[in-house]
Amino acid sequence: MRQFLAVVAFTLLTIGFFAGYSNFGIPQIEPAPPPKEEKLDLSSMTMDQFIALGERLFNGKGTCTLCHNALGRAPMLGTIADAVPKRLKDPRYTGEAGDIEEYLIESLVEPSVFVVAGFGKKGTNDTESPMPDVSGGSIGLSEAEVAAVVAYLQDSGGAEVTVEIPQDIDEEGDDEEEGEAREAVNDPKKLMAMFTCDACHMINGVGGDVGPNLSKIGANRDRAYLRRAILDPNAEIATGFEADMMPADMGEQIYVKELEVLVDYLAGLK
Amino acid sequence: MNRPRHMKTGTRLAIFGLFVALVTLTLAGFDQFGVFAAESESAVDAAASTGYGPAPKLTADDYPTIAGVNSRVAVWVFAQLHLWFAAFVLAVPIFVFIIEAIGMRTRDKRYDDMAYEFIKVTITAYSLTAILGGLLIFALILFYPHLITYLSTIFKESMFYYALLFFAESAVLYIYYYGWHWLQGGFKKWVHLTLGLMLNAVGTTLMLLANAWLTFMMSPAGVDAAGVFSGDAWAAIHNFLWNPINIHRFVANIAFGGSIVGAYAAFKFLTATAEKERAHYDWMGYNANFIAICALLPLPFAGYYLAAEIYAYSQQMGITLMGGIFAWLFIIQAVLIGTLFLSANYYLWCGMGRSDGAKRYTKYIKYIAIVLVGAFLVWFTPHTLVLTNEELKSLGGPHHTILGPLGIMPAKNTAVNLMILFTALSFMFYRRANKIATVSWVKAGNAVQVALYSAGIVNIMFLGIYHGYFTNTVYKVAASIPQVLTTLVIMVVSITLDSFIYRGAKEVGPLRWGRIPARAQYALFLLAVSFTWLMGLMGYIRSGIRQHWHVLDIMRDASPDAFTPTLGYAANVVSVAAIIFMAMVIFVFWIAQVGSNKTLPAGYWKE
Amino acid sequence: MKIPRLLQAVLILAGVYFGFIVVFDVLLDAVIPSSLLAMYMFFVTAGVFMVFTYDEDQTRELVAPIKAMVEDPSKRVWRNTVFVIVPLVVGVGTYQQMQPSFQAPVELRTIHPAPPTTAMIYGKRVKLLELENPFRKLEKEDPEQFGELVNEGAVVYIENCQFCHGDKLDGKGPYAAGLNPTPLNFQDVGTIAQLQESYLFWRISTGGPGLPKEAAPWISSMPVWQDFLEEDEIWKVILFLYDYTGHRPRSWEHE
């Protein structure tokens, strides 16, 4: 029995030594906690993670690399910082973007606004792009995913990343809404009524006076200004009016097509 | 007059060979061409029609909390205990088989008795292995239902056959054990040996299957990036890390099993009263230690191979393994392996007292000790030193110009090769201790041995220093392969040469088994405890490098326990598990002894 | 005269202990860390124990004085002295261990942490792996202009860096004594000689706050130099660091 106890004591001592050395003999480094799953939680994402998400979408779900690859089926995207400003000035450019970010978003959902020479659909003389709208169809990138891809394109193309990480976007909810989406409205007057613009803005004697009178807005404001004023109303406030009066979520309610209809209409008011 | 006997042996050999061939063929067919191949074809069709789903994306709600038990620790402890016992019961039949064969060859009954005693003391461990395996699978089903569901959709066939194989394992084991005294002599003995081989074949197959499941979690194969199973079961089994783990576990199991039965012999030696009994257990302890060392020497190489393959599979996993927090784990590992080498050597040196001729060699022991300890100190010098602020100031920064280079691979490779080489040298001295060579070329032979060792040591040191200090970082690990080759060549050549030198050598005197200090038995305990603890620690890192993944890059661990614990935390879990294991092993050994105890209660039974 | 074995063992241990200290602290002028020395001595002791006890007779010889001290009635005074002194020594040792000191706690810190793949520097996202010193190519193409750039870098260094990193670039500037961790010694082969230029650019421009967690950014006093220097000035200072110390920037290309 004495031998048995001695052996037990020896064993416990040995194990105790190993445990003690592991606890006190070496520094205790706390490993970093597991990384957050980026897709589930945009709000806690850093720009690096957001760009990485964009890269994965670019290579994966977005199916971009099917064509934008070394085989030359589509233009390579490594020189965006240099190329986009030139394209914006190109007479063949039919879009409305003012900077690289807008251009990239526009080119993802409306690829035909500018077609790089030689990459257009056959027979259209480079006026129509073979690229699909990435927000629709089988690709179906959400707004946040498009933003991530743009962030990645800006980052990899050498441009400054200006995209902001969208906050509080419930992606699944978005999908459902789009599922039962309303038809786009083509009549600017109906749009004005739908978004109740006339509650505050007066056009040709009809409407309120909380916001500026829009009867002759097309005479001294260009389309880019109008678009921005709708999407980001606080960017510039007309003299004599207060900020934060106009709803800032127009961009989430209005369709791109409708926006264009509305801008066309307003620009024509002279 | 010997001729007929030889012929008879030849016939038996042929029958035995047939058995071996049959078993091998069955296994090979089962493993690669038979069941799984057939299954996988039908499975491909199934995948095309019904289709497998992707790996589930889990949230924290998918992990049940039961009675406040920490699910990770529960699964961890059960898995570790199961693994220890499994390693033990897989290893023992391997060397029982070999010892039995040696006994048959030498016709020395002591070997047969020892083999029987080994299997006798482990018999209870089989049921414990199965019980712990059952507990493990219950814990997995209860705590990680989605993971086990996903794994079992992929491994459904192999899991089913695994369960069936247990019948085969038990049947063979019971016939092997209970038939030991019945299947004696002549043809019966050959049948018995064949049973031993079958036992090993079934046991090894069981291990290979279970290894496939866990290596799948580390290096998934047969599934796409989302975890959708292709239906090819063989691809999932034969994943990238399967064979490296198989080899590493096979070798380590033998060393572990040897060390545990060594501890058994040591305890019996300490408690033995009769001189004859002491001699028997001394001899048994020596053999167990010999088995453990034989498996211990190639183990670092198997470990390097495994680590290299992990790197090759995923550089990120490789960096997690060798850098960051796990870098310190290898310092603990160095301490443990150093302990193993030192205690194994110490046991050999103590054992020299059995022979009267040992005095000729004991004078070299202190030099061996100096090299061993020196190499060991190099081996466990960490790359990042823990410095007090004063030391930091005095050094002018955290980089130590002298000790820094000892922390990197070339120095450590050099150290471990020297340790292995000098352990082999210890063993050679032990073997020579009781013999006097009689061949005419003794002097020349010894000179060659000295030259061989010297050249090898110089080569290992040169490679280590050259690659460690004088080459670009890219080449720093290039030294390891020539170093390992040098070590292996020296060991093989010198052992072969020695066996020629000592052919027909005369003995100094009879080996006095039992003449060994009690301290040496504690060296055997130290070996067993260190090995157990080391296995637990390395189990933690093998599993831990997956970090927050159930199945690497495919199935994420979303449980609250997904974080990687600190080394201290892991060491505590391992220590508690090791204590439980030791207690159960003591029970296993005790129960083996109870069977032979008899109490005669006077006046209890009706006359 | 034969030295008693117990004394032999003690002498060997003391010899090894002071040997380490003499060799490292005095001869090599590179102190051996106390934590490491403690572990070294633990295993040296184990080794000495093994060599002294593998043989039964020698073991008896080794423990004979201890045994005698405990058991021999004639050694009573000796025994009682030891039994008083040993607890006292242990007590004093424990007291000193536990005594609060002014030493800051040891903080394990990775000095050259793995850099991030990209970093925001000067408002741009740069990929550190691909980043190169724009002036490095002039070393071969236009040595004269290169020399001028090095000199300009030297001016930037003297105006900004030498207060801590020293005018000999050895980390012993006038303010160095007040800093913990100490400023990096660029002369040491273990510092900039092991690093790429892009790594230096990252560390200089983002300073202490730019370090990852394992490098303990909260105790580094390196300023964020992109707030004070021009991009070109940092690249020039890097040229100067390598030029003055004679080191070459690390390159992953095989030479």
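Residue numbering begins at 1 within each chain, and the chains themselves are lettered A, B and C in the order written.
In this text, a contact is a pair of C-beta atoms (placed from the backbone, for glycine too) under 8 Å apart; a residue touches a chain by one contact, two chains touch by 3 or more.
Predicted model, so just to flag it, every value in this text is computed and none were measured.
Student: What pattern do the touching chains form: line, ring, star, complete or other?
Tutor: Topology of the interface graph: complete, with all chain pairs in contact.
Student: So which has more C-beta pairs touching, B-C or A-C?
Tutor: B-C
Student: Can you name the chain whose C-alpha mean lies closest to the mean of all the C-alpha atoms?
Tutor: Taking the mean of C-alpha atoms per chain, the most central one is B.
Student: Between subunit A and subunit B, what distance separates the C-alpha centroids? Give it in angstrom.
Tutor: 55
Student: Report the inter-chain centroid distance for subunit A and subunit C in whole angstrom, where each centroid is the mean of the CA atoms.
Tutor: Comparing mean C-alpha positions, subunit C is 48 Å from subunit A.
Student: Roughly how far is subunit B from subunit C, centre to centre by C-alpha average, rounded to an integer in Å?
Tutor: 37
Student: Residues of subunit A that contact two or more other chains, please.
Tutor: Residues 27, 29 of subunit A each touch two or more of the other chains.
Student: Give me the residue numbers in subunit B that touch at least two other chains, ranges are fine.
Tutor: Residue numbers touching two or more other chains: 324, 335, 382, 386.
Student: Show the residues in subunit C shared as contacts by 2 or more other chains, in ascending order.
Tutor: Each of 35, 39, 108, 214 in subunit C touches at least two other chains.
Student: Would you tell me which residues of subunit A are touching subunit C in their complex?
Tutor: Checking each residue of subunit A against subunit C gives 25, 27, 29, 32, 48, 155, 160-161.
Student: Quick check on the complex: what are the subunit B residues that touch subunit A?
Tutor: By the definition above, subunit B touches subunit A via 267, 270-271, 324-325, 328, 331-332, 335-336, 382, 386, 522, 525-526, 529-530, 533, 547-548, 556-557, 562-568, 570-572, 574-575, 578-579, 582.
Student: Can you name the residues of subunit C that touch subunit A in the complex?
Tutor: Residues 35, 39, 108, 116, 118, 123-125, 213-214 of subunit C touch subunit A in their complex.
Student: In their complex, what parts of subunit A are in touch with subunit B?
Tutor: Contact set of subunit A toward subunit B: 3-4, 7, 10-12, 14-16, 18-19, 21-24, 26-31, 33-35, 37.
Student: Which of the residues in subunit C end up touching subunit B in this complex?
Tutor: Subunit C reaches subunit B through residues 24, 28, 30-36, 39-40, 43-44, 46-47, 50-51, 53-56, 59, 103-104, 106, 108-111, 170-172, 180-182, 184-185, 188-191, 214, 250, 252, 254-255.
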